[in-house]
Amino acid sequence: MSVVVQNIPRADAALIKRLGAAGVATVHESQRRTGLMLSQMRPNQQDRSIAGSAVTISAPPGDNWMIHVAIEQLHEGDIMVLAPTAPCDMGYFGDLLATSAMARGCRAIVIDAGVRDTRDLRAMGFDVWSTAVSAQGTVKETPGSVNIPIVCAGVAVHPGDVIVADDDGVCVVPRAEAETVMTEAQKRLDAEEAKRQRLASGELGLDIYDMRGRLAAKGLKYI
Amino acid sequence: MSVVVQNIPRADAALIKRLGAAGVATVHESQRRTGLMLSQMRPNQQDRSIAGSAVTISAPPGDNWMIHVAIEQLHEGDIMVLAPTAPCDMGYFGDLLATSAMARGCRAIVIDAGVRDTRDLRAMGFDVWSTAVSAQGTVKETPGSVNIPIVCAGVAVHPGDVIVADDDGVCVVPRAEAETVMTEAQKRLDAEEAKRQRLASGELGLDIYDMRGRLAAKGLKYI
Amino acid sequence: MSVVVQNIPRADAALIKRLGAAGVATVHESQRRTGLMLSQMRPNQQDRSIAGSAVTISAPPGDNWMIHVAIEQLHEGDIMVLAPTAPCDMGYFGDLLATSAMARGCRAIVIDAGVRDTRDLRAMGFDVWSTAVSAQGTVKETPGSVNIPIVCAGVAVHPGDVIVADDDGVCVVPRAEAETVMTEAQKRLDAEEAKRQRLASGELGLDIYDMRGRLAAKGLKYI
Amino acid sequence: MSVVVQNIPRADAALIKRLGAAGVATVHESQRRTGLMLSQMRPNQQDRSIAGSAVTISAPPGDNWMIHVAIEQLHEGDIMVLAPTAPCDMGYFGDLLATSAMARGCRAIVIDAGVRDTRDLRAMGFDVWSTAVSAQGTVKETPGSVNIPIVCAGVAVHPGDVIVADDDGVCVVPRAEAETVMTEAQKRLDAEEAKRQRLASGELGLDIYDMRGRLAAKGLKYI
Amino acid sequence: MSVVVQNIPRADAALIKRLGAAGVATVHESQRRTGLMLSQMRPNQQDRSIAGSAVTISAPPGDNWMIHVAIEQLHEGDIMVLAPTAPCDMGYFGDLLATSAMARGCRAIVIDAGVRDTRDLRAMGFDVWSTAVSAQGTVKETPGSVNIPIVCAGVAVHPGDVIVADDDGVCVVPRAEAETVMTEAQKRLDAEEAKRQRLASGELGLDIYDMRGRLAAKGLKYI
Amino acid sequence: MSVVVQNIPRADAALIKRLGAAGVATVHESQRRTGLMLSQMRPNQQDRSIAGSAVTISAPPGDNWMIHVAIEQLHEGDIMVLAPTAPCDMGYFGDLLATSAMARGCRAIVIDAGVRDTRDLRAMGFDVWSTAVSAQGTVKETPGSVNIPIVCAGVAVHPGDVIVADDDGVCVVPRAEAETVMTEAQKRLDAEEAKRQRLASGELGLDIYDMRGRLAAKGLKYI
């Protein structure tokens, strides 16, 4: 049963933008340390920090047909998130598909598989997080689905979830929790700034967080 | 039985250059998706796309003696391709050997093992694709062979085959097929340019490649 | 039994600096090819070559409490070396801890686990060698130890050992051997320069090292 | 937010038993090739084929406290399914916990981490599928959750889903689909028996499935 | 270009049988330590030592159509050797295909991918060496080839080569060298028996092989 | 500098035997969860639980010469522990070396590399824990050392340390701590028996260990 779900809800664009600015580590902490993809999910470029709405793709191993189908469903600011139905490191995605996706306003893909034309993708400004780089070609024989729940690099992703991605990796924020998470993230960002200044001045975390007593109680000895 | 085959045929230099410009993904597709090394074979530098004739090296694990032997066999434009006879991530190759290879006109190595002095190699403009980076030193105790058929990162390589390498990885073109492959690659490059323009203008692959009927026939449903 | 050893001996600062300049490959060779960490230990930045005194951290998996404890023990020029007590790729270290460490004069960490805020760490000039990048948060529940002998990425490290790290990876020099190793390293550096010139001029290693006879004796044949 | 969901729906016991008898390969095929855990999930024993209702456990890496909590929630025939919140191969589970679980009627665990006392577990008849074997001890410091949705070895699991496990691995059947899947599985089992006899008699799949024409149409040539 | 080569030469049956009895380690040594597949290639059963003629299968990732085609080409005593054209751990092969292969006189498969129904395969006496166990289903959409040269688990295999497989793994003997290799293997087996008796009586390899002088010359010191 | 240290202290034989009977999990817990080798270290046989004194071997990758040297140093009840100086999965050890070792009273090897003749080794009753099975042959060209400190599968091992090994893996007990560890282990074994009976009768760990209050305090909620 291959389906394309055509109308998916998305989070508020301004909220998505703020989550992207907060970055993966902060957002992940702000939702109780959930949603982080496995560390094998690595960026194809450096120094980028983005967020967008997930258009999910469930594809057979070695078959990239569904990307063509998914591109039609893309809105401005979406991020494609592709998981093969079995582990596969083949090159599902390259510069031609990126050209097509960019024409629809999409500028990033997160893929638990391989990509190719990696230099061109960097030059085009199309951001990629993938678990492999491979030129290995795929077929177009078996349909999969678009905008169904998937598991990508160890994390459940629903269509419309907010994807946050930077040099540290990729974090998934459930759409319904995006606002709560951002509120918590903002608190952390504000608090971090104050802490950063104290730490930079030479104060120790041991004192700022009042850890010495608890460490001693747990048996830590200085010799 | 350790041998050095001294005279190997090579493909035409202009043809090799064109294959390098076409790049790994296109060349791989143009020879029916064969010849691509495993995705663990990664570049030591970014934004390089080259091609050359393979001088093959079969070396014992942890023994780099044969590289000295191979260097004498190098011609202008050759690429060394080394496979250890058992899996090994030690550092077979560094800046001194690169200096020697460059003096013979060779500017790249493809190695299913480790390299070292990686910063120097980038600075010297000596290109490397390897499955590991490691400073671990090797010995010079057991001869191997030069210019015999090897299997490197999952692909059979014969001496004189054309090696194409870029940011996506490494592809091997059998020497006898190089011209046919380039002819096919040129067709693809020409066709891609036209497609790229249509996709950039917003046309969909679904329509350009007339996929909708076949997808429906295979059971894809829109909901 | 969790302990913090507060006063550790360190090698001479000028000596440490010279080892850093010599680099991982040369230093590793100069101590009879020992001390190199596994090749999974990779830098977070390019084109850096440093050395420092090891402040060792033994931490429970997924628990970064001991880094706060270790920071108090840091001296100018130290490098933190952290090994979890079981394999773990979580993000033990990020920009706030780096801010605190830098305030104590430490500018690098070597960690057999994950780090986060990798872009910020590069921007701050805080050097990192790690076996993973991950934003996954850690707890502060179980004490470990600081400045005890550890095994990090396959190598035994004692507090005060000299850590040498560059693009090739990380090498550990036992403190008591640092001077001997540097003497040997200097000899290699001097000899390498002469060899480099001969090799660059086109002389072959086969001749410079007089290998032809020994290769023939071991059965190498030219055909 | 750590929670224990106490009352979860379960599938019919007779239905579960039939799914266990059908086995992983058949069940997986019968739900359109979904639900199979990654191939790293391996059995601790040979020649067992079971099924049960999932009691899910989300546990911090290196912390097995929640297993004690989960055991209280077990019913006769349940299977514990544990996923750490970050990759971890430590030994969460051994013979004492198995003794406790067996007293509640549970005879199996599926765990995306390590187990220990593996010989005792086999001797006790407590079945285990795990991604590692490790004696490494865990702590009891941080609560997780019981009977919430988790992702285990690449597959989303909901409490009460039917877990089917044998020598081939582990497959998850959503509770609401269990009956439909079993109906389909029975059809396959019946059909397989007839096919097996024809194949055993020497008839070819090429003829039974009438593949020759389609293969020729796709370009297969005999030479 | 998908092809089936229908008539392949095979080695002499008695010779093949002797190679199987000699076992992987001896045969591998007897052909100058070549031909051994990667150590990821593991048996599905214990205590089997076999040999047979390779019927090679090149299959697309996740597509097992070619196994049906290959079965028609099998002769008594053949072993199927399958390599996917890109890394893939899906379950290409199970009990129905084994039933069909056995009807043609084939009793083993060597596959650089996954198999399923592993318990049934052991019960049927159908031997398997594979790089994975997985129930993940495959499609039948894209033809590959039968009896062309392939690379399987790091080794080049030609149709008709002799495959030797036991608990240690799989070794490939080029057909044309099978007799020479067996002659050498027999010498080793004869010599080993004598050595075994001397070693069992307490004589040391150091003395039997006269190693002490050479070790001292290379710098070994007793302290 | 290759050395053989000829006289090493060993722990008391009766004590060693008791540690072997206690098993890896208990011993590892009894020394504060230290000393466990990585989970890649797997047994070649089932249902064995042994202990012995470590005779350590540091060997070059792919060179098994030092095993011959080590065998001369073996005493009744010793276990060889071999670590290559760089990662290597080649087959260092097989039935002939086992025959020789058994003649000296040694019945087991722990090796961070490959072994071969695995079926014969099981038949002979020679126990093996290794990180690989491989028939790949090694050379005898470069000396290493015997009875020096090594790091094997992530753990520091000194000659004379007690090695405990069973189906769960391998644990290293520093010789000087062997008696203290066994005293602690005996306490655990005695306590475990009482706990096992309570758990078997249906009492919960939650109650036996009085966990409910602490879980609630840490925020666990039942719903």
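Should a chain be cited, it is by its letter among A, B, C, D, E and F, assigned in written order, with residues numbered from 1 in that chain.
In this section, a residue touches a chain if its C-beta (ideal position, glycine included) is under 8 Å from a C-beta of that chain, and two chains touch if they have at least 3 such contacts.
The structure displayed is predicted, hence computed values, not measured ones.
Asker: State which chains count as neighbours of subunit C and simultaneously of subunit D.
Answerer: A, F
Asker: Suppose a student superposes the Cα atoms of subunit B on subunit F; what rotation angle should they report, nearest 5 degrees?
Answerer: C-alpha superposition angle, subunit B on subunit F: 180 degrees.
Asker: Among D-F, B-F or A-B, which pair gives essentially the same interface as C-D, with more than half of the residue-number contact pairs in common?
Answerer: B-F
Asker: List the centre-to-centre spacing of subunit C and subunit E in whole Å, with centres computed as mean CA coordinates.
Answerer: Computed from C-alpha means, the inter-chain centre distance equals 41 Å.
Asker: Measuring from the mean C-alpha position of subunit A to the mean C-alpha position of subunit C, what distance in angstrom results?
Answerer: 31
Asker: List the centre-to-centre spacing of subunit A and subunit E in whole Å, with centres computed as mean CA coordinates.
Answerer: Subunit A and subunit E have C-alpha centres separated by 42 Å.
Asker: Tell me, which residues of subunit A touch at least two other chains?
Answerer: Within subunit A, residues 1, 33, 36, 39, 85-87, 89, 134, 136, 142 contact more than one other chain.
Asker: Could you run through all the chain pairs that touch each other?
Answerer: A-B, A-C, A-D, A-E, B-C, B-E, B-F, C-D, C-F, D-E, D-F, E-F
Asker: Can you list the subunit D residues touching subunit A in their complex?
Answerer: 1, 32-34, 36, 38-39, 85-87, 149, 151, 154-156
Asker: State the interface residues of subunit C toward subunit B in the complex, per the touch definition above.
Answerer: Interface residues on the subunit C side: 23-25, 28-29, 33, 36, 39, 42, 46-47, 49, 166-169, 171, 192, 195-196, 199-202, 204-206, 209, 211, 215, 218-223.
Asker: Which residues of subunit D touch subunit C in the complex?
Answerer: It comes out as residues 60-63, 85-90, 134, 136, 139, 141-142.
Asker: Provide the residue numbers of subunit D that touch subunit F in the complex, in ascending order.
Answerer: 1-6, 65, 68-69, 71-72, 89, 91, 94-97, 99-100, 102-104, 114, 116-119, 132-137, 140, 142-143
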